[in-house]
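After the structure tokens below, expect a handful of questions from me.
Chain nomenclature is as follows: A, B, C and D, assigned in order of appearance, with residue numbering initiated at 1 for each chain independently.
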Amino acid sequence: MKSQTAVEATETRDEIVRSLARGERRFHQLPTELSADEAGAIRREALEEATGAALEHIGRYSLDAERAAGRNCENFIGAAQIPMGVIGPLHLHGEHIDGAVFVPLATTEAALVASTNRGCAAIREAGGATVRVEDVGMTRAPVFRTSGIEQTQAFLRWIVDHDEEIRVLAERTSRYLRLLDIRPMAYGTSVFLRFRFDTGDAMGMNMATIACDRVVTELIEPATGVACIALSGNYCVDKKPAEINFHEGRGKRVFAEVVIEGPILKRYLKTTSRDLVEAQYRKNLLGSIAAGSKGFNAHYANILAAAFLATGQDPAHVVEGSMGVTCIESRGPEAVYASVYMPAMPIGAVGGGTALATQREALALLGVVPDPERPGHAAGRLAEILGGAVLAGELSLMAAFTSHDLARAHERLGRGAPENGSGD
Amino acid sequence: MKSQTAVEATETRDEIVRSLARGERRFHQLPTELSADEAGAIRREALEEATGAALEHIGRYSLDAERAAGRNCENFIGAAQIPMGVIGPLHLHGEHIDGAVFVPLATTEAALVASTNRGCAAIREAGGATVRVEDVGMTRAPVFRTSGIEQTQAFLRWIVDHDEEIRVLAERTSRYLRLLDIRPMAYGTSVFLRFRFDTGDAMGMNMATIACDRVVTELIEPATGVACIALSGNYCVDKKPAEINFHEGRGKRVFAEVVIEGPILKRYLKTTSRDLVEAQYRKNLLGSIAAGSKGFNAHYANILAAAFLATGQDPAHVVEGSMGVTCIESRGPEAVYASVYMPAMPIGAVGGGTALATQREALALLGVVPDPERPGHAAGRLAEILGGAVLAGELSLMAAFTSHDLARAHERLGRGAPENGSGD
Amino acid sequence: MKSQTAVEATETRDEIVRSLARGERRFHQLPTELSADEAGAIRREALEEATGAALEHIGRYSLDAERAAGRNCENFIGAAQIPMGVIGPLHLHGEHIDGAVFVPLATTEAALVASTNRGCAAIREAGGATVRVEDVGMTRAPVFRTSGIEQTQAFLRWIVDHDEEIRVLAERTSRYLRLLDIRPMAYGTSVFLRFRFDTGDAMGMNMATIACDRVVTELIEPATGVACIALSGNYCVDKKPAEINFHEGRGKRVFAEVVIEGPILKRYLKTTSRDLVEAQYRKNLLGSIAAGSKGFNAHYANILAAAFLATGQDPAHVVEGSMGVTCIESRGPEAVYASVYMPAMPIGAVGGGTALATQREALALLGVVPDPERPGHAAGRLAEILGGAVLAGELSLMAAFTSHDLARAHERLGRGAPENGSGD
Amino acid sequence: MKSQTAVEATETRDEIVRSLARGERRFHQLPTELSADEAGAIRREALEEATGAALEHIGRYSLDAERAAGRNCENFIGAAQIPMGVIGPLHLHGEHIDGAVFVPLATTEAALVASTNRGCAAIREAGGATVRVEDVGMTRAPVFRTSGIEQTQAFLRWIVDHDEEIRVLAERTSRYLRLLDIRPMAYGTSVFLRFRFDTGDAMGMNMATIACDRVVTELIEPATGVACIALSGNYCVDKKPAEINFHEGRGKRVFAEVVIEGPILKRYLKTTSRDLVEAQYRKNLLGSIAAGSKGFNAHYANILAAAFLATGQDPAHVVEGSMGVTCIESRGPEAVYASVYMPAMPIGAVGGGTALATQREALALLGVVPDPERPGHAAGRLAEILGGAVLAGELSLMAAFTSHDLARAHERLGRGAPENGSGD
């Protein structure tokens, strides 16, 4: 499909634009000598000519187009601008952070930033939230075809017997990658091997894929004669809601909790222990049960989506992040214990969109800076911060329900008044 | 929590910055006379002072800060820039579109745009994809507390008996909103009423919330004496993976399909019918079954996340969008029938982030322009286009698995070569 | 496969036994003139000869072998004896029962009868339980193959346009059957039509199957040209845990509840409101969430299995019956509100095993006797009773957990002492 | 609640009957000197007097009432008789069986025995089925309450540090029990410890409960100060459909498969490879996906329920057994590969109802006889046989769908003609 050679050196810019606009040339078929900025401009011009749409703002960006076009986004035409706000200070006590941070959120959902910020205030007054992260690791699960039970048994025995060879070969693909274990699943003539890797500060999906490819094509297939049908067999499982991730975890498993006294609930969240506990019971537990949901929470996805965009994470990973369980329990007559639990949050401090201009700044704002001496620490810090931010978001929205503020906040949006309360 | 009045008129800009940086003032507590641009600059300066991070690029944006700060994102500090690419032409035959479009995708995931673009080429050669959308409507489900079975029965009878009054009151909150039906769910002392609304070209979550608030607080609670505990009882269910949405649908229910002959499979997708069908069987069906996933597909979430960001949709709605079923079946000796099915895609052509600078341009590029004469048509067009784009993405990634291209594509990313194949 | 004609009239009993034992003849290939009792005896003798096992007790039964062999169980060899106990009086207030009943339970699980009986005592002291049943109806969902979106749309329109013809034809297959509605589900090239029927006092699975067969083969297939691939397309869905049944219900949807004061909790259940509510929260809610279970309860399946066996229900329907949600909430300082909710309980008062000797007696004991004047009433009564019995079982077992009685009860079993507490 | 002492020695039988019938005495309050047979007779008489029902057949049993009343069923009144038939010979190649067996099935569902028997014939002609069992072990998961993240971390560390002490103490409760591992799950203030035990030939639920009780009350609670809230925290999870069991397995994980050539399909199952594969695809895969079911099969529950009843298993365990995946794939132009997979089948060769009269005979018929030299072998044999029987049932019913035999079989039932085809 590459046909840059078909582009005549003598071709004018206008001719290129016209051929793109007419569909005579595909958008990746531009002269290789064009810079990413120029190629983007030509594509925008062609699109404008073809559709009549004006693409002025898409062409206004300050990111490094060369890098973005090469590493993040082919057929580059510019950038989407997503408004960014900030919440905090968010006071956290974790293993990778102990103190306060300001958290950037990129969102178009009115009230989300204001509401989550309100949660931060309540957490601060309560002395900060406790946060923890467990680095489960990144997974990739190729699927293989056998002839049936007996070959499957032999194949799985081979895998167990050669786990050291597999590990060595896998880890040769990156010095940041360690193979943690291989979880098999087999039925009929299909065998899934769920490889789990420690990938340091990287989210690690690509590292895991490359490592799996290596061990599958260079070791497992040749040695066993068993064919790999797809390098991802959906038992991984990436960017789809799935029980396996809920149970086994994937990426980071994140915990956050806080105890809030009655007066703080009243002053900062306009609510009471009794109301919060009941809303939690009927909405996050019974309602999610009724809906058959894996999200026993109010709106993890909102906070994660906004923080993921700001910090260069993959927004499709909000799918996994939306799963999890909020708990709100009474403590004594007036206080509450509130916690969030996210079993599968795939995030990284390097790779993906983390090196892009605004995203790198957002990570710096969070103090999320990889340190070669402490691999995984930066990603752990990011995970703990996200846990705290999600807790702030849960507290504020749950409180909004109890004071019937949700709809009213949304009604005032058009007038530009920042409000407490957000949609789930 | 609003205390703008506490800000002294004589306060200098530096004093404000300093007080923010020191945490003596919260980020929404700025003088109201400041423009959004100025307020954003002050906040950035304060964050830089507090953290040492440079926030240069976040401050470079061309969107309308006043509008964004008022309607999309409180505590505004600037914008995240997400690289945008384009795929197409994508040839589609639907009820809201019949022809070719170019689809903008905002993403940081290498290979996604190139891979999906390859799928577009195959679809074009196959004569285009058939697409359809069913407008299920937007839902919101308040949860109520009763004393038990008898009050629940009486309450539900009251709802049935007063559905017309409820409808009239709900529809008074917006001329674009129509109440379609109310689905009850009750057990123990909890009753959920899942209101379903037609919301025209809007995604409609806020409209639905406002309408529910009105009927609950002005009609249902006063008349029945039954208290609403939370306006969203998670039986809606928003931004969480859930069976109810898989079964009942939510937002748009989208279908797309194409039949591709053997020579086109070979030339454009480097694959065969036999290999595609087997990968589909072992990965999308058996693998997702093994994983307990509701996503019987390769990577709907990737394409939706990228298209949602480009067009101003709520990225947290990728959670629902990731659910669904891909089918790939052999047709005769060499061809395949391929389809995608997304039961719950909440999207809109107005509201949310659709009015922002780059997003509005992206929608214009797609020809998604609300027409008062045909309410819902623009959103329907967007849904059908997304269905086609997702189909293109599925075909290309599934083909990449069969030709073992996935990992190799990712390995070449660092060198900036656009590639076919993307991660799921 | 029938080859009775191959059996020589002059063949002796011994010859038949020997040929069966040697595998030269299959077990259904016996002379047709043999009575069911004789055929059973011959089969037992052959099995004894072939395996050396003594089948003495299996041959001791008082049921009507002719009927059982013809209507319930081919290759008849006798009967399994399942010990039967009784609980009660169970005091219930429903729409089909208002008073006390004694409930027979056939089980081999020690402590189950004693424990559930303890729950009955607590319910009696509390003034009886409120019970309700909603007759959802029996479902059957054939699956059809179309060529894709357009034929699916046309097919579904045809179904809507011909619903009256379909109804008339379906109802012609039984005077006890009424077609309630048809719920379609379609994706790819598959269409599922979930027919829902009122089947009076019968569980109705066979009636539903026969009715579907008729309308599919005589009306839908000929008129539309769309082929039915399987009369049951698993969207019904029978005897498998499934979300569709949890959401839509199937058979009977059953509710039961009771409020129990502190002194009764203490005296009859050795527990307190506080302990019960906490066990409910951590076990039935959080534990089932952690397990990804659709059974938010302690052990519905135990009570249902025992009652189903005693009353001639299909024990495989315990699968659906095990789904559901128990609620236990505090009421004032010392009392609890407890409820059970079973969305999908397929049961009947006629058909299946209900006419067998011991089962008919058990139904008579419950006062479950079909009345032609009130079709569905007997099945409704049975459902309400089962709801009450399940509630009794939940209360007692949950209480046993709080008083740490569970394991101790099981330890004493070997000594034959009836105990409170049962396993879930 | 025990008040046998309240029974006057001079009390006549009639007086006892009358007091029971009037509800003045509870059914377990009988003089201890009464034999189980006498007590059962008295209870039946009282029930007859109270309700007018005749309980003649319930009183006709040959099982050992003393044993049944003491170990299986309190408030004993007699027995339910469930018709029993036989299928086979079923030819199997496993690790615990290699040869042919006859399998007793106790059922009231017409056509089930005949249909499954047809599957046995096809398997026999195909050379027998390959069967395997993996002994996952029995699980029990107490739930504990902590004060939050930090105590949870300390508690889990304690468990890891003391696993040897825990193991020793647990195994002291039974010489047949071995602790395999402990899988923790924690969020909020709840911690679940899923103990997994090898329980030899026993199903083991009670053994697991007793062992957990011992280690919890004698070791874990005293040493950690963390309270156990319920000995079963539903993360076990027993007799409820649950993802954890699908993923992790519970009891036995069972596999069975067979390859059947075209002529055998045609002669014995009246079907073709093509039709079977399509029915499998649309029903067992797409239909179960549509239904949100964990049973990707036709009717595992039917065969298991019937075999469980015949052999003294707990029928409530059909809930777990109903989960699993059938595969049917084409092999060459005319043959099929068919397999069944059941991840969680809790069964035993000792304990429960296995010692009852008819059940013991049924086990003997299967050659399932515990051998102290080979603990677990008898249970493994039973599991492999059940796997083969389920495979036979799947093949026959799936074939019946393709030849549209299902409904017709049920229509002929009333006339007592054994038929192929059964309901799912």
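The rule we apply is simple: contacts are C-beta pairs under 8 Å (C-beta built on N, C-alpha and C of every residue); 3 or more make two chains touch, one makes a residue touch a chain.
Values in this document were obtained by computation on a predicted structure and should not be read as measured data.
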| item | value |
| --- | --- |
| Turn needed to bring chain A onto chain C - CA fit, degrees, nearest 5 | 180 |
| More contacts between chains, A-D or B-D | A-D |
| Chain B and chain D, separation of their C-alpha mean positions in angstrom | 44 |
| Chain centre separation (chain A, chain B; CA means) in Å | 15 |
| Separation of mean Cα positions, chain D and chain A [Å, integer] | 42 |
| For chain B, residues contacting two or more additional chains | 187-188, 190, 243-244, 246-247, 286, 292, 294, 325, 327 |
| Pairwise touch network: line, ring, star, complete, or other | complete |
| Footprint of chain B on chain D - complex, ascending | 243, 246-247, 285-286, 289, 292, 294, 296, 325, 327 |
| Touching residues (chain side chain C, partner chain B) in the complex | 130, 132, 148-150, 153, 187-190, 243-244, 246-248, 255, 257, 259, 292, 325, 327, 329, 337, 339, 341 |
